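Chain lettering (A, B and C) follows the sequence in which the chains are written, and residue indices restart at 1 in each chain.
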Amino acid sequence: MKRYILLAVALVSVAVYLFPLYWMYVTALKSGTEIFQYPPTFWPPHPQWNFRQVFLQHSMASYLWNSLVIAVGVTAITVVIGTGAAYSLARIRNRWTSVALFTVLMLQVLPSSLMVTPLFVAFNQMGLLATPRLAVTLAQAAKVLTLYIVICRSTFLQVPRELEEAALVDGNSRIGAFFRIIVPLARNGILVTSVLIFLQSFGEFVYSRSLISEKSLQTATVGLSEFVGPQINDWNGIMTYSAIYITPILIVFVLLQRRIVSGLTAGALK
Amino acid sequence: MTAFFRTFREGSGFDAVLILCAVAYLLVFSAFPLVYNVIMSFQSVDMFSITDFNRPWVGWQNYIDVINRPEAWLIVKNTAIFVLLSIVFQLGLGFGLALLFQQDFPAATFLRGLFLAGWIMPGLVVGTVWKWIFAGDFGVLNYVLNHLGIVTGKIFWLSDPAYSLYAVIIANIWLGIPFNMILLSVGLAAIPRDIYEAAELDGATAFQRFFSMTLPMMRATLGAVVSLGVILTLQQFDLIAGLTKGGPANSSNVAQYWSWQLSFETYEISAGSVIAVMMIAVVIVVATIYVRSTTNEQSA
Amino acid sequence: MSKIKAALGALLLTASTGAPALAEPVTLQFWTTEHEGQQSYVLAQEYDKKHDDITVNIKHVDLGNMLNDLTRAYATGNAPDVVAVDNPDNAMVSSRGVLLDLDPLIAKSSVIKPDDLFPGPRNSGTWKGKIYGISRGSNTLALYYNADMFKAKGLDPDKPPRTWEELYQDAKALNDPARNVYGLAFSAVGTEEGTFQFLPFVQTAGADYDSIASDGAVRALQFWQKLLDEKLASPDTLIRSQWDSTGTFNAGNAAMVISGPWELPRMQSDAKFDFRVALLPVEKDGSPRASALGEFNNVIMKTTKHPQEAFGLLEYVYSQANRNWNEFGMMSAVKTAVVADPKWPAAYAVFTEQLKYARARGPNPNWPKISKAIQTAIQSTLTHQTDAKTALEQAQKTIKPLLTQ
């Protein structure tokens, strides 16, 4: 019985939480003027299915591909550089690691919109603007690295130190113990944090907008700005576009969530 | 050389290399923009002189000018409210949901996965959707509230200065819940089950178990989530741009958006940088508190 | 595409006639806030096609970022050749010395004659007596009204309001909260659009941006306040862009709206009623007519390597001014342009008349700051944080030192 009460509570909270998402889909189906009507319609009487048209007209395939390339790149860089640092920062407590942790937090303070002008100037000097997707990837990785390190660090803290010590006694090197014992035990945290930064990088906007000038290399979120003009704001278009953008990711996650999210409940030590 | 490799394989050299890689990466890609902002905050900057460091030095004058602007204190107050309420509710609701989905009931993990939707939506879209929901005349929120009899008449969420800041905060809480919920779930899952079972046998109530065991065991995660939450909230930008643009009359304006407005709308780049530097100062405080708090955290 | 054609053309020419090779092919970078299918794209592509040795690369930049991107590009040596800048921003860019002085080119031009431009557009591109920008077109504001609602409320649809008092009375008569209908919609949003909509009210009352604390300006702001206080316009007027305000009119939730000619295509398809256009009401009988002047100016960056070809593009856009109304949803900036068979002839007549009274914003190199001060005054008054007089005096204090710079 208790399980079903909990289920009911969970269903209600999901329903409330996802309402804005539902509203996005509904708005995508409304006509331009219907958006302004009161009382609002919860399901449009004449839904407009513009998905195909928006997808093709706005070359979304190329945009989405670029977003994917950048998000994969950012996640790879962050995981490679961040995992080890998070581990060491969790294991060792001294003045130097405090300074390092402080530095890591400090360097991510400003919003991208305030970082982008100096980055543009610097990247121009370094010649990185010739490979704009790489430039965005490098800049965005610096943006999410702090988040990754801080979260993963707290995951590593929950891995019992005795297990690592036992592994070292068994003749493993530090590197061996790290890859064979520590990382597998902290994999939930690593996986979930990677997913979070992947998604955030997939939706990166400010850097892509400013550093990428060629349309064929531009990302999906920047493509949204095509609907917004000085005298035209195509709200339905924006919603249709976002629906196309979000739905596949959502489906992938609903399908994969067994692996991604359900791993959480298993507990690190089982 | 062999000594180096030995410390790398066996001792502290290994840790030092791992940490230095990350710090070096951040220094290369994030330190320059930071320093650049600090320098500009002391100079008189024209929009077409952004690459030229040889600009007139005006010292603290920019700071005095910014602080003396009539809107300055309103925006400081708004920023404090924005950060505080966002963090409290994101954390509270996120923790509540994490605990809920920790329980054993049908489809729990599936339903939890759906919460990621908020994290996937681009900021611009979140702003736009909420703008339609909050709209005074034709917004669905007013419709629902009227229908349920909670309010009569229309609330102008975005254009009434009494509500605009809170409307932005509500949307920001919505946006931050998945982040908090998922990360706290990870932390909860790492707490060994047998401790709970032992406590249950000892007759501890759920309430007692939460405060005497769950909270202390979650200390590291909570510290990380809160300090990152403050930083992420201070970076929230797209949402404000999409919802109110800080208006009406700055009633929902916050530091990061003001800084952007000054730098990129009225091209007062120095003044924009001054605010950026002040935000850096706030984060220094947050980072110090966080680092301090980690010195006595226990490994499980 | 046309690059290949140009190369082919050159090849064929040299092959067939043995004539010396044509001039080096030229590539122009053109930045605009417009999208595919709008004027900048259509005309630049035509210009590209007409000249085998010229290729135009068009890049869309959104309005909010145009000047920032331009600044960055200029500072790093990547500036485009031609840019369409919003006309109130033209003076700011001109004053920074980054634009090409067009006077020498205009002197030799057989196409562009500055005297043929309407005074508003010409002023907006002029800085310290020199011309730096040529308006690609112009637009202005007028009053749209729902004639069906006029009839339903016993008003004469052939007699739209001519003065503020009539506007107020009609808005009051048309206002119908039970049916979610406001008397009037306009935009008081805290962006350039808010200033754009406000200035005509200030100007008909005898003031302007450089005398923003004078009585006329105060009366204008008090009039706006009255409309909002009596809920004759939605409180959300404070956060709605012109496009969204007009959206509520199209949906039948406002009986009148102040907006420009760019709305006509959407209104045609969305508004299910008899909509008409009237001149903007003046303060009282005999007050001067006033209206805002919108649209963008094409400018050439000083750093261009191809001033002739870039200027050729400006000439081409100028020469096609008679297509602006029917094809691009804007007015012409050229007095001599003739529209043979205008769409929406009644609206065309009104906007053409209205354009005669349109004044350029500024020109002033500090326009964004001036505009911001005005927006702040509007918003703090309409939300009752201060009264109109105090708010505008504060704005005046900010604006005054900016006028002389």
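One rule holds in what follows: a residue touches a chain if its C-beta (ideal position, glycine included) is under 8 Å from a C-beta of that chain, and two chains touch if they have at least 3 such contacts.
Protein names from UniProt, one per chain: A = Carbohydrate ABC transporter membrane protein 2, CUT1 family; B = Carbohydrate ABC transporter membrane protein 1, CUT1 family; C = Carbohydrate ABC transporter substrate-binding protein, CUT1 family.
Source: prediction; values computed, not measured.
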| item | value |
| --- | --- |
| Shared interface partners, meaning chains that touch subunit A and subunit C | B |
| Result of counting contacting C-beta pairs for B-C and A-B, higher pair | A-B |
| Interchain centroid distance [CA atoms averaged], subunit B/subunit C, Å | 38 |
| Rounded Å distance between subunit A and subunit B, as computed from the means of their C-alpha atoms | 15 |
| Junction residues of subunit A - those touching two or more other chains | 35-38, 117, 121 |
| Subunit B residues counted as touching two or more neighbouring chains | 50-51, 137-138, 264 |
| Touching two or more other chains - residues of subunit C | 65, 68, 72, 75-76, 180, 248, 251, 253 |
| Contact footprint of subunit A on subunit B as seen in their complex | 8-12, 14-19, 21-23, 25-34, 36-37, 50-51, 97, 100-126, 128-130, 132-133, 137-140, 143, 174, 177, 179, 182-183, 185-187, 189-193, 220-221, 223-225, 227-228, 231-232, 234-238, 256, 259-260, 263-264, 272, 276, 279-280, 283-284, 286-288, 290-291, 294-295, 297, 299-300 |
| For the subunit B and subunit C complex, residues of the former touching the latter | 46-52, 70-71, 135-138, 156, 158-161, 244-251, 264-268 |
| Subunit A contact footprint on subunit C (complex, rising order) | 33-35, 59-60, 62-63, 65, 68-69, 72, 75-76, 78, 86, 180, 241-244, 247-248, 250-251, 253, 260, 262-263, 266, 270-271 |
| Residues on subunit A engaged by subunit B in the complex (per definition of touch) | 2-4, 6-7, 9-11, 13-14, 17-21, 23-24, 27, 35-40, 42, 81-82, 84-85, 87-93, 97-98, 100-119, 121-122, 138-139, 141-143, 145-147, 149-151, 153-155, 157-161, 173-175, 188-189, 192-193, 195-196, 199-200, 202-203, 205-206, 221, 224, 235, 238-239, 242, 245-246, 249-250, 253-254, 257-258, 260-262, 264-269 |
| Complex interface listing, subunit A residues touching subunit C | 31-38, 117, 120-121, 124, 129, 209-210, 213, 215, 225-226, 228-233 |
